[in-house]
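Naming follows writing order (A, B and C), and every chain is counted from residue 1.
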C-alpha cells in the first residue's frame, strides 16, 4: 500500500496551552480508512487540523516537523494553502451548513475556485450527493435552504460538500457524534464506499466505531502516538498495555 | 411570628414591582406624549405649499423646502463618507484585528469619538474643514464633520453584527479553500448586512437631527436658492427649527410646530425602516 | 485567475486595515485642531483669570468658572433624573416585563434616543419652561431645572440600553440559584442580578452622564444662558449657562483669530478632555470587571 501522507516528527503547541502534539511519526496509506482514536485531549483533532492547515487560524506557540502529502511538505511556508484545502476535505463534529441553499453549499467551494459553468456545477452537485448517499432524499429540493434538513442529512451534506471539490483526502472529526444510529450507519456505509477512491482519516466518537470502520488505527494519548497497526489486529490484540486499557474501558 | 415573614417578602415584591413598573411607564409616556403633541400642533401647518415652497417674510410664511432638501443633502453626504469607512473599520476589528495594544487603542479611540460633545465636533469642523482646508461654510465641510461624528455608531453596530455571525461558518469556508476576504464577502458580510444596515440608518438618523456640528460648518440662515454644489452652504431642518423658535420674533407658532413635525417624521421614518429591517432579518436568519 | 485574485485581495486587505486605524487618526486630528486654536488663549489671556467668576467677553472677562458650574449643575440634575428612571426602566425591561411589553418598550426607548435634541429643546422652550414658571412660581422658566429634566430624558436611553445589556448578560444560573434557595424575584433582582451587573450599570450611568455633559442645543434653548456662578441649591431654579451652549451661541459672532475665538476653542478642549476622562473611566471599569471575572472563572 502506498502512503499518501507521511507525518515526520510533528510537534505543535497551542498558545493557550491546550492540546499539543509531541513528536508524531505516522504514515497514512492511500485509499483506506485510518482511524485516530483515544481519550479527549489526545491531539487527534490537532493533527487533523495540521493536515489541512486549519491551524493557521489559531494562535500557535511552537511547531516543528513535516507533513508530506504525495512527497511534498505542506507545512512549508511557500506551499499553496488554498490548493491544499481543496485537496483535503474536512467534516466537522457538528454539522455546519452554510447559510445557503443545498445547491449553494455544494457549489461554494467550486465557485471559489472560479468554476462558473452551470453544467460542471450541476454535475458536481449530483455526483457528490450520490457519493454521500443523499441524492435521493434531496434531489427535488436542491434550492431549499440547507438548514431545513435534519441533523443526519446535514452531516451527509457536509460530506458531500467536501466531496464536490474532488479531494484526494477526507478528514472526519467525530462526524457522527450528534447523530442517531441510523444516520450514523449511513455515514459509515458511505465511508466504506468512499475509501475505494479516497484516503480517509477518521476520528471516531467511540471505540466501537473505531473497531467497525478502521483498516488502520492509531491510538493517541496526551499528544503522543502510542500504538499503530492494522485495524483488526490492533483491536483484538493490542501490543501496548495503555492501548488495551483504553479499548477495554479501564480508563477513558 | 413565623407566618409573618413570607407575607412581608411577597408584599415587598408587589410594592417594588409596582414602583418599578410605574417608573418605566413614567419614562416612556413622555416620549409618546411628545410625539403626539407635536403631531397635533404641527399637522395644521402641513400643506403642499409648506413642503415644497420657500420661506417668505423672514421665515414667517411660506414653506421649508430648502431646509428639507438641505437635510437630505447633508444626510446623503454623511452617508457617502461614513458608511464605507465605518463598515471597513468594523470588518477590520471583527475579522482581522488580534488582541493587541494597537487594537485596544483603536477601540478606546472609537469610544472617545462617540463621547465627544457635538458642539466640539462643530469646532473641529470649523478648524479643519472650513478654515484650514478652505472648504468654507459648505455642505462638504458639514458632511465631513457629521461623518466623523457618525463613524463610531456605525463601527460599533456593524462590528457587533459581524461578530454575531457564527465562527463555524468562517472555519468551514476556509476549509473549503476560501481566502479570508472571500469568506467575509460571501458569507460573513452577507449575513451581517441587515444588522449593519440597521446601524447605518440609526447613525444617519442621528446625523440628520444634529444642529451643533453644522452651526459653523455648513448651516445658513436663509438662502434664496437651493444649493448647487457641495461648496455651497445650506439650510437644514434642525437649524431652521432652532432659529425660528428662538431668534425670529413674531414667528407663527404653527409654522414652528410644522417644522418640528417634518423633522420628527424624517427621523422617525428612518427609525421605523431600521426597526423593520432588523426584525425581518431576525425572522429570516438561517442560524 | 488566482494571481489577479491575490492582488485584489491584497489591496482590499490594506484598505480595510487602514480604515481600522482611522479612528485613532480622527481622535488625534480633533485634539490637534482644538489645541492649535485653543492654546493661543494663554498668550492673550492670563491663565489664572480663566478661573474668574465673570464671563463677559465683550469687556475681556473670560472667567469660565460660571460656565463650568453651569454644566455641572445641569449635568448633576440630569443624573438625578436619568439614573433612577434609567436603571428602573432597565430593570423593568430586563427582569420584570412580560415579553410583549418588552417588545413595545424597547423600541420606544430607542425612539427617545433618536429624537433630535433641538426638538426637545424646542418643546422645552415652548411648553416646559412656561409650565415650570407657573408651577413653581419663578421669574422665568428658563432654568437649570428645565435643562436637567430634558437632559435627563436625553440621557435615559443610553443608560437603559447599556444597563439592560448588562443585566441581560448575567447568567441565568445566578437567578435560578437564588430562586432555588427560596428568594422572591424581587429579592433576586436586588441581591443577586443587580450586583452581578454592577460594573455594566456603572458604565451605563457614566456614559449617560457623558451624554448629558455634551448636550448643546437643548441646554441652549432652555437654560436661560446667563453666565452666573451656580453653586447654591437655588441655582437650580435660575438661569445658567453651560460650556456647550457658550460655544454654540458665541462662535457665530466672534472674529477669526480673536481672543474670544481662542477662548471658545479652549473651552472645547476642556470639554474634549472631560469626555475623554469619563470614557476612559467607564472603559476601565469594564476592563477591571472583565479581569475579575476572568480570574474567578479560571
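Going forward, a contact is a pair of C-beta atoms (placed from the backbone, for glycine too) under 8 Å apart; a residue touches a chain by one contact, two chains touch by 3 or more.
Nothing here was measured: the structure is a model prediction, and the numbers come from that model.
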Chain of greatest Cα-centre distance to chain B: A
Pair joined by more contacting C-beta pairs (B-C or A-B): B-C
Chain nearest the overall Cα centroid: B
Averaged-CA centre spacing for the pair chain C and chain A, given as whole angstrom: 54
Distance between the centres, which are taken as Cα means, of chain C and chain B, whole angstrom: 16
Centre-of-Cα separation between chain B and chain A, whole angstrom: 48
Interface hub residues of chain A, defined as touching at least two other chains: 82
Contacts with two or more other chains, residues of chain B listed in rising order: 179, 182
Residue ranges of chain B touching chain C (in the complex, touch as defined): 9-10, 12-13, 16-17, 19-21, 23-24, 26-28, 30-32, 34-35, 37-38, 85, 88-89, 91-93, 96-97, 105-106, 108-124, 126-128, 131-132, 148, 151-152, 155, 179-182, 202, 205-206, 208-212, 215-216, 238-239, 241-242, 245-246, 253, 256, 260, 263-264, 267-268, 270-271, 275
For the chain B and chain A complex, residues of the former touching the latter: 166, 168-169, 171-179, 182, 186-187, 190-191, 286-287
Touching residues on chain C, where the partner in the complex is chain B: 5, 9, 12-13, 15-17, 19-24, 26-27, 29-30, 33-34, 36-37, 84-86, 88-89, 91-93, 96-97, 105, 107-112, 114-123, 125-127, 153, 156, 160, 184-187, 207, 210-211, 213-217, 221, 244, 247-248, 251-252, 256, 264-265, 268, 271-272, 275-276, 278-280, 282-283
Chain B partner contacts - residues on chain A that touch it in the complex: 52, 54, 57, 82-83, 85-86, 89-90, 92, 94, 96, 98-99, 108-109, 112-113, 145, 147, 158, 161-162, 165
